[in-house]
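Consider the two complexes below, in which subunit A is the common component and subunit B and subunit C are the respective partners.
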Partner chain A sequence: MHNLQANTLRLYLTCIRNTLEAAMCLQNFPCQEVERHNKPEVELKTSPELLLNPVLICRNEAEKCLIETSINSIRISMKVKQADELENILAKKFLRFLSMRAEAFQVLRRKPVQGYDISFLITNYHCEDMHKHKLIDFIVQFMEDIDKEISELKLSVNTRGRLVATEFLKQFI
Partner chain B sequence: MAAEGFLEVENLEAIITRIEQKSRKIESLLKQSKPVEALKTALEGSPLKTRDERCKSANWIVVHRAIMAIKDVDGMLASLDPEYYDILMKYLYRGLATGDRPTCDQCLRIHEKLTERAGLGCILRSLADTVNTV
Partner chain C sequence: MACFRRASPALMEILNKLDSVEKPTDTDHNLYEFGSVRYHVQASASDPEIIYLSISTPPLSPEVLLRNGLPDCTLQDVRRGYCDIADIVEPPKEGFVLTLRLDFAKLPQSRDRIKAISKISSLQAVIQSSQLKDMLWNLGSQDMAYGMCKPIKLVYHPREPFFVIRMPEKLKAIFPMRFKDNSDVILATSLFQELMDMGHSTAFTKAPHCTWSPIPPPELRGEPFEYLTTNGGFVSFDILSHHVKGAKADRTVWILLNFYAHVKYYVKCTRGFIHRKMRQRLESLAEVMQNARIREGRDDKKLQDPGCKCVKKLMRFSKSNILKRRCSAIANQIKRIRARIRIKGLDRFRRQWFRVPKFPSLKKYSKLD
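Take a look at the complex of A and B:
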């Protein structure tokens, strides 16, 4: 059972990696509508000829990844697995914490796309400054680690809750 | 313009009839344990140029049936003609978008092997092609 889950995770990440490798062909493209402006076309979506078909890769009913590409930018939005209420809250808080510090990550988007938990925005400038394969490694590694992080957080919340409850209730023994 | 619209409707009915015929042929092929032929039949004559959602959904149901019947992915890809790789990739992405667990499992399995065979170009063509859509 665990093997099966590990295998689908591997296939899911491989599919995303392959799709990103194909989709991340970005080049500089000055804005067509406004002089001297240079905007990420995937965010504006004003000119259909600059956009590629968006692709939705679902692992199951709860986890999915939306990849939208354009000529000069790519937007990757993820929905992470949230098995119960506690994981829901932890995921929301943790990802909000990261999103608020998007400046430090450079490729992170400050607000996730509607319907998703976290979004990345990669532009041609990022591809010029950083290696493409490293960017893809980062995204895939992030997806792998996020599940582990949230499990760890859940574990530590439960442990702490148990310790606190034990200490508190000792006075009533 | 009205005449063209009328022709389009005629064509749509013809397409739906063709898909129904395909569906029957595929069911019989699957009963004879020929999943690869079934997939070839399903992918052939797909309504890629039309914009009508009904035709596309009808064809997707047929292709989905054939995809889910595949047990040996390597064998299937070895005997599938390369001209079908692009259409298969587009249908795999449609399958991955459904979110249904068994469909996604199967599509992820085939996607990995198909990418190894057909390369990243196949993926890029399915992303870039806005004329022939599934």
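Take a look at the complex of A and C:
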């Protein structure tokens, strides 16, 4: 069961990596509507000729990744696995924590796209400042780390609860 | 956390100060705690060993009004507990339920003195525990229905009532749990699940049986709706006779009185723990992002594996070269500025006082003897 899950995760991440490698061909493109403005076209969506078809990669009903590309920017939105209420609040807290500190990541969006838990916005300027393959590595590693961190947090919270319950009941003995 | 300790820390500090004061003065302290407990400490310069301590605490059960002061059983418990160091003053000071006349001359010396002062500071805990014990043991038979007494509502912390029901073989304490935030509800619920699981284990057969349910238990049927609306469910403890035998009675009663505080403290600490872990993970993720940057200079191509020792050495060498070049440029500029005006005879002065500092080389080291 564990091997099966690990395999599906590997396939999922490989699919995302390959899609990003194909999609992350960005170039500078000034705004067609406003002079001397340069905006990420994937956010505006005003010129359909500048947008590519969005790609939705689903691992299962709960986990999916939406990759929207345009000529000068790419937006990656993720829905993270949340098996129960505790994972739900931990994922919500953690991703909100990261989104509030988006300046530390530069490519992280402060507000996720509706229907998703977290979103990234990569522009041509980011591709000029950073290595493309490392950006993709970061996105993929981020997804793995989020899952791992939420699982670890859940385990830690349950362990703490058990310890506190033990100490509380010991007082009666 | 202050509310878990039986002794009031503020009262203990005041009594310790009065005990160790060098020059006795007239003292009058009014102290408020937890929004509902009030203390009054009075000492006179003419008789510094005698201190009057008055306390006003709300009744544990709102149905029992303390019109005539504390019940007799509570006064007896206080007399028994403080007989060697204090006397009850009757009637108590106006606005207070109890006034004690403390005689510091009767206090033991050294370490036991501190224990005695701590015992005096636990007056509120003694009063509340005594009231709860009295209620639990003296429930009237006319309140019995279906083999159990009517639930008694008790309020220890403001706005956090809990219920105690006396049954033929046990006492049941039911805590309606309410939280402000939905995430607090989930964290607390995980604690209640663990309490239930641990209670069922063989190691804790002697501990009170704990149950949690999202809906009001049948024992609370008939209670007002406002007491039965919760978002955290209901936690129940079955207290048996061996939990309240002898000295265990005080401990059990104190734990029950502070159950809400325990849960709230656990939730607060867990939130802090989650934040700490998130901050640590943020740092590690941000580091990965920093490594993705394209670095300036020729050295970035060689720095594919910064973990390698020879590459680290190369980094240090190139960095030190750059630093050396910059320092020598600054030093040359300083020399040029200072050497513009040359006055005869002042060379020696200039050499001594306008010496340009030499920057140490990063490659060399000075051996310490």
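The rule is simple: the second predicted complex is superposed on the first by the 173 of 173 C-alpha atoms of A that agree within 3 Å, B and C clash if a C-alpha of one lies under 4 Å from a C-alpha of the other, contacts with A are read in each partner's own complex, and residues count from 1 in each chain.
We take it that contacts are C-beta pairs under 8 Å (C-beta built on N, C-alpha and C of every residue); 3 or more make two chains touch, one makes a residue touch a chain.
A quick note: this is a predicted structure, and the numbers were derived from the prediction, not measured.
Asks: Overlaying the two complexes on subunit A, which is it for subunit B and subunit C: clash or fit?
Replies: Superposition result for subunit B and subunit C: fit.
Asks: Quick check for you: in the superposed arrangement, does A:E33 touch first (subunit B), second (subunit C), both or neither?
Replies: neither
Asks: Per the contact definition in the header, classify A:C58: touching subunit B only (first), subunit C only (second), both, or neither.
Replies: After superposing on A, A:C58 lies in contact with subunit B but is clear of subunit C.
Asks: For the overlay on chain A, what angle lies at subunit A between subunit B and subunit C, C-alpha centres, nearest 10°?
Replies: After fitting both complexes on chain A, the angle is 150 degrees.
Asks: For A:R160, using the defined touch cut-off, is the partner it touches subunit B, subunit C, both, or neither? Pick first, second, both or neither.
Replies: A:R160 sits against subunit C, while subunit B stays out of touch.
Asks: For A:E21, is the partner it touches subunit B (first), subunit C (second), both, or none of the two (neither)?
Replies: After superposing on A, A:E21 lies in contact with subunit B but is clear of subunit C.
Asks: Regarding the shared-chain residue A:T69, is it in contact with subunit B (first), subunit C (second), both, or neither?
Replies: Touch status of A:T69: first partner only.
Asks: After superposition on the shared chain, which partner residues are touched by A:T8: those of subunit B (first), subunit C (second), both, or neither?
Replies: The answer is first: A:T8 touches subunit B but not subunit C.
Asks: In the overlay, work out which of subunit B or subunit C sits against more residues of subunit A.
Replies: C
Asks: Give me, in Å and rounded to a whole number, the least C-alpha distance separating subunit B from subunit C in the superposition.
Replies: 22
Asks: Can you list the residues on subunit C that touch subunit A in the complex?
Replies: 182-183, 186-187, 189-191, 193-195, 197-199, 204, 206-208, 210, 243, 248, 251-252, 255, 262, 266, 270, 273-275, 277-278, 281-282, 284-286, 288-289, 291-294
Asks: Using the touch definition from the top, list the residues of subunit A that touch subunit C in their complex.
Replies: Contact set of subunit A toward subunit C: 85-86, 88-90, 92-94, 97-98, 101, 104-107, 129-131, 134-135, 137-138, 141-142, 145, 149, 152-153, 156-158, 160-162, 164-166, 168-173.
Asks: With touch defined as at the start, can you tell me which subunit A residues reach subunit B in the complex?
Replies: Against subunit B, the touching part of subunit A is residues 8, 11-12, 14-15, 18-19, 21-23, 25, 48, 52-53, 55-61, 64, 69.
Asks: Please output the residues of subunit B touching subunit A within their complex, sorted ascending.
Replies: For this pair, the touching residues of subunit B are 93, 96-101, 104-105, 108-109, 111-112, 115, 120-121, 123-124, 126-130, 133.
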